[in-house]
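Pasting the structures in now, so scroll down.
In the two complexes that follow, chain A is the common piece, with chain B as its partner first and chain C second.
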Partner chain A sequence: MYPSLNSNKMFFYFILFLSTLISISSNSWLGCWVGLEINLLSFIPLISNTNNMMSSEASLKYFLTQSIASINFLFFILLKLMWMKNFMLNNSISILINSSLLMKMGSTPFHFWFPNIIEGLSWFNSFILMSWQKIAPMILLSYYFYSKFIIIIIIMNSIIGAIGGLNQSSLRKIMAFSSINNLSWMLASLLISENLWIFYFMMYSFLIMILCLLFNSMNLFYINQLFFFNMNYGIKFLFLINFLSLGGLPPFLGFYSKWIIINFLIFNNFPMVCFFLIMMSLIILFFYIRIIYSSFLFNNLNLKWISIKLKNKQLFFYTLSSLISIFGIIFSTFFFM
Partner chain B sequence: MWMSSICFIWGVFFFFLSLFMFYWVIYLMMNNIVYFLEWEVISFNSVKIEMGVLFDWMSMLFMMFVFLISSVVILYSKSYMSSELNLNRFIMLVIMFVLSMALLIISPNMISILLGWDGLGLVSYCLVIYYQNIKSFNAGMLTALSNRIGDVLILMSISWMMNYGSWNFYFYLEFMKNDFEMLVIGGLIMAAAMTKSAQIPFSSWLPAAMAAPTPVSALVHSSTLVTAGVYLLIRFNYLFIDSYIINILLLLSGLTMFMAGISANYEFDLKKIIALSTLSQLGLMMSILSMGMGDLAFFHLLTHAMFKALLFMCAGLIIHMFNDIQDIRYMGGISLYLPLTSLCFNIANMALCGIPFLAGFYSKDLILEVVMMSNLNLFVFFLYFISTGLTVFYSFRLSMYLMVGDYNLMSVYNLYEEDYVMLKSMFILLVMSVVSGGMLVWMIFPYPYMIYLSLNMKLMVVYVSLLGGLMGYLVSVMKIYSLNKFIITYKLSSFLGVMWFLPNLSTYGLNYIFLSLGGKMFKNLDMGWIELYSVRGISLILKKNSIFYNFFHMNNFKIYLFSFIMWMVMFLFMLII
Partner chain C sequence: MMKFLVMMIFLIPLCFFYNMFWMVQMVIFFMAFMYMCLNMNLGIYSNLSYMFSCDMLSYGLILLTFWICVLMIMASEGLYSSGFYTNFFLINLIFLMVMLFLTFSVMNLFMFYLFFEISLIPTLLMIIGWGYQPERIQAGLYLLFYTLFVSLPLLMGIFYLYDLMGFIMMYFMKFFFFDSYLLYFCMVMAFLVKMPMYFVHMWLPKAHVEAPVSGSMILAGIMLKMGGYGLMRVMVLIQGIGLKLNIIWISISLLGGFYISLKCFVKLILSLLLLTSSVAHMSMVIGGIMTMNYWGYLGSYVLMIGHGLCSSGMFCLAYLNYERLGSRSLFIYLGMMSFLPSMSLWWFLLISSYMASPPSLNLMGEMSLIYWLVSWSWVSMFMLMMISFLSIGYWLYLYSYTQNGLYYLGVYWFYSGVSREYLLLILHWLPLNVMVVKMDILMIMF
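What follows is the complex of A and B.
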């Protein structure tokens, strides 16, 4: 679970985090582009693993997609500079810049690389890809976007995330499609304000962090592994809670962020977007429940010779996080006294 | 062994409770006192939910009779249910029944009445299905659902009463009498009482409930449960004086009385005959009540409780002797073998017919004479008197079938009175069915009714009774070829013999509509287009689309990148053009 404490890797992690900060805090488009490029180049060595062919394939795919997106981004920011100077007008240029950024974050019409690549990554890298790697493109998107275009993208994201994940048996692909669905929520929060986006993004990162750590610590990659594993009932319960929370079932923490976004969407007159987001998150919730429900209730084999042992320290961490995930809404009310 | 059995303990306990109640009746009557205790459970926005307890002579007297009958019945069960494994459960059910009846009797509050009322319905269901066969399940379901209608009506009247701020109807009866809402409440209460007392649209459950064990019938279906409706209406009696809705009750209860009297003559099941006679007497109580004479109804309720419980207990003993056969055509000549039982049976029957100076005489004769004194139309008048004749008719027929003639069951058989447990408990009621009429008429009427009639009118009761007795005798000695003549009037007989088709009406008549409608709904909606357009349809669409979508992921990575470039180029051209 914990990334190996290889000094090279630590270096690249450092650059990865720093480059995102460069990208989001620069005051020119070129600086943003530079940050994105550094980010891409630092993530490649983190992905690639000489022992695993899948990961090198993934690193190559990642490089190709991101670099093509970056080229287009560079091209269009230069074009924009030439034609429009520093005016921000909503026209096709904004759509083009937005498209390249959407490609980078793996949003819908250009999302095909995303489940493809994530299939070759470890759980930790998947977590990085699903959370941290989205920061820079999204912040850049928030600077300059064409809202009608983004609304269409939001609706497509929510539909594709729900439909695509329905038929998957790989947990990483399921998480990838759920990430696409959650991207629609994040884009919807970007429409309203950046603070809302930060709120949603932090909640989402927290929830998928727990899940990714849990999957990683048990080496779970496919649904059928959940049935065979000789898992403690409590650990299954952790899965259930966190999946329900991620799906946004009301008493849990995941509902909180979605609730706030629904609230703001309705205040800002986006009822149709809101409708699609809610309906599709129902489908998402359905396949989350389907993952855990069958292993929880119907179909669990107990193999004697494979048993999962978690270290006490890990278990403490997971249960604490899950506790926050369960009672987060109640805890959060204490902050407003 | 006998002293420590549950029947003995509870029987004696209820007997002493009954004596205690008797003391209170005397005390409250002599001093003309009413005790009213009230506990405010919750007060909510000027609506108070209260548990009220009303101790006046009426509730105490009724409680005394209920406790006496239940003590006797519990003692009787010791012998009647002696081979029952779950005797404790049976006695507990009976005790629960008695307690909910007591709750009903003493509460002047709609909500606490509902508690008692629901308790009666529930426990009577448990008692009717006690033998756990298909017949008793069906009977129990019919009983429970008929009573459930009354529960719902009482609930509705509770919701109507919320405007008054409290559910103590006792205070509002006279005060709110001209209020429209009180009229609605009165109508609902009247209908609820009709379900419990098995008046005409709802009367099919009472004979069906004879599937219960006989002690239960003696307690539940003769004197307590079925009179709960009458008692409730007696409590609401102020409301109904000079009210037009009560005329409906007068008509229906008169018809019930008539219908039950006729059906009893067609019936050959011993318990069902007695049940139908109960129904007839309930009709009598209800009709005199709906003419405004609540005290007479109450009087008849009490005396009737005594002799009807006795009649049921005798019937139970006879059924025991006859190997659990209830058909009176197998019986006959039991006066030679079961003299004491026959004594009790005949006295109870005569009390039912109103033979002078037995219990029924005082109440029935008074009721009929008051009816003759009052301002009535001819139809109701005839209903009363034909029904009185019919009562004597079926009572004599029953007595003749049982007591006179040959023993009809098996050739070698020895009848004997099994033990003294049943007989002793019957003797208590025997005494009561002889003396209770006189005792009560002196006790509860502070001044006598003034009756002033011409000679023929005065003798009217005697005429119809003698005629009924004669017919009862003639019917019972009818030979088989005379009975076959009934085939000529087959349609009429089948109409009159099955309670005017009421059982069919309240079982198939209701079930058929809803079951067929429900079947159609199930077929067309649940299994049809609701399934297609909601649950199954959505999942089908999602599944298809998901499979279709996965097709995109089978493409080459090159094509993804190319499509992105094409998208960009397309927008770029749009930009340039």
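What follows is the complex of A and C.
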């Protein structure tokens, strides 16, 4: 559940969080670039592990893709600096800058590294990659984007995220594709306002956090493991709640964020984007439900010799956060009454 | 309205205690009677509290919800005696009941949508969790995705309305007039799938056959009526375009009702036959709502209540035979009159109510529906005639097939009906036939 507590890693986590803050709070594009670069370099020691082939490969791939994106970003901001006067907008430049940022966050036309890399990460690191690492590129994107381009990207993201995850059996890949799909919701909220983005991002990170920590504490990496394990029904139920919540079904917290986004998309006249998003979220829901079959079915095959027990402290934490996930929508609607 | 909500919520802790199965049932029963005795002015929205209120449509359906939930607990005594996640079953059921109550009593269209969707989850859990066969997975997926596929556009439609009107209170909808095709389809399709209309009914056979008895009771009893309730509510908004386009749904459902009544004759599984027939009955309800007439509207409403009680009772009967014989095939279930003569009376009574024989709500509903559908267009006479005739046909066929003749020789042991089961059946049949004497609470709306 917890990240490893050696001081080396702690230092890099610190740098990781700080560099994002540098990036999103700097005044110039160059400062943003510096922040992104520090962020990249501090994440690599966190994911590389000399004992694990997969994670060192992942760190290499991560370095390559991210540095290409950073170089492009640097190149395009300098191009913008040279060619354009202050406050002059040029759509082709904005497309180029946006593309490099989209590559940074693993958005669709440049998403191929994302599921590959996440396959070699631990659950905690994939949580970081799916949540925190998205902040800096998305905030930078919100400064300067070409909305028609972003709309195309949103639709592509939602489709690719939904179709890509359909036939996967690895939980990490499924989460990666669902993250690509959720990226489209985040980009859609970015079209409207940053507050909305923060709202959606917080909700998404919360749900992802519960799931990643839950998978981490049980060492689950593939779908079939869910069926082998002999779990207490209460723990299985946590999966059910959180996945349905992430899929955006009504009684759960995940619906709340989607509801607000749909509401604002309709208010701001993006019905087509909204339609794509909700239809693709159905497909996403389909492969979430594949994961939670084992918790839906009371009588299913269990191997008796693999038994899972959670520590009380962990179980308490997961139950509490799942309770928030169930009742969050009820309590949060009180704010609007 | 709030007091019932609070009462239901505080019923949840009761489920955790040991041996509280019948206690929970009794409390819901008591609540149903309290609700019945509530003094309401049903012509308009009354009993307003916060965003909940109740008019005639809501009143009958909420009462039906309470009643069916009581009978669901009573019917699933098997879960109690075998201890198969009993507490969780009760919690799930109460959660479902709360959500249905809220669905029927909220005034805000978005809140209606929200609770409409929420009630899907406990139903899904009930089907997949307590079902019998492995096919229940597929059934659950059909249920979930058929309904979600059309209800998400409904969500978009609701927000679009919210954008245009600035509020989405159901009461004020009659002051607005929208004339957009897309909006019309968005608003109507979700409820038509829920009803279900003929072409989009495929989720129903799957879900019903795999559901446990309580699941199919709530599905046939309440969930189908949620579609009708929603249609009645939103039809106010889209009257103008409805005048042009409602003919599509009426013709599809009347033709489909005829076709599916024919299909009833070849069904070999009892519960499959029951739900196929409920598609046929629901097609008349759709027709009645879509004519947008006073009598058609109220006839649909009465038929919904009648069908809710009646079909739920039939599913109980089907389950009682499943419990005894371990099979739902009609080949096994023969000559029951020699085993269960008094149960045979209940078969007769429920089937006759289903066939719309005189003292039942179904008769009242079908009479006004037929009257208004024919007055809407005389062409619908043919299909209505065929639907009514065939419905009597397959119910008679079912009755004579299961009750008369020689019993199945492979039956080694049998136990006769216990009083709980007879009570269960009479509680289905009695309101169905007694409510007729006070018809004005269901038939006079404005």
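Everything that follows uses one rule, which is that the second predicted complex is superposed on the first by the 325 of 337 C-alpha atoms of A that agree within 3 Å, B and C clash if a C-alpha of one lies under 4 Å from a C-alpha of the other, contacts with A are read in each partner's own complex, and residues count from 1 in each chain.
Rule of thumb we're sticking to: a residue touches a chain if its C-beta (ideal position, glycine included) is under 8 Å from a C-beta of that chain, and two chains touch if they have at least 3 such contacts.
The structure displayed is predicted, hence computed values, not measured ones.
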item	value
Clash-or-fit label for the pair chain B, chain C on chain A	clash
Touched partner set for A:164, first chain B, second chain C, both or neither	first
First, second, both or neither for A:289, with chain B first and chain C second	second
Partner chain(s) touched by A:78 [first = chain B, second = chain C, both, neither]	neither
Partner chain(s) touched by A:244 [first = chain B, second = chain C, both, neither]	second
Touched partner set for A:30, first chain B, second chain C, both or neither	neither
Contacts of A:262 with chain B and chain C, given as first, second, both or neither	second
Partner chain in contact with A:64 - chain B first, chain C second, else both or neither	first
Segment of chain C that clashes with chain B, given the candidates 308-316, 326-334, 416-424 or 434-442	434-442
Parts of chain C lying in touch with chain A, wherever the complex brings them together	84-85, 99, 114-115, 117-118, 120-121, 124-125, 128-130, 137, 140-141, 144-145, 148-149, 152-153, 155-156, 159-160, 162-163
List of chain A residues in touch with chain C within their complex	233, 244, 249-251, 259, 262-263, 266-267, 271, 274-275, 278-279, 281-282, 285-286, 289, 293, 296-298
Complex contacts: residues of chain A adjacent to chain B	61, 64-65, 68-69, 72, 91-93, 95-96, 99-100, 103, 109-110, 112-113, 115-116, 160, 162-164, 166-167, 283
Sites on chain B touched by chain A in the complex	542-543, 545-547, 549-550, 552-553, 555, 557, 560-561, 564-565, 567-568, 571-572, 574-575
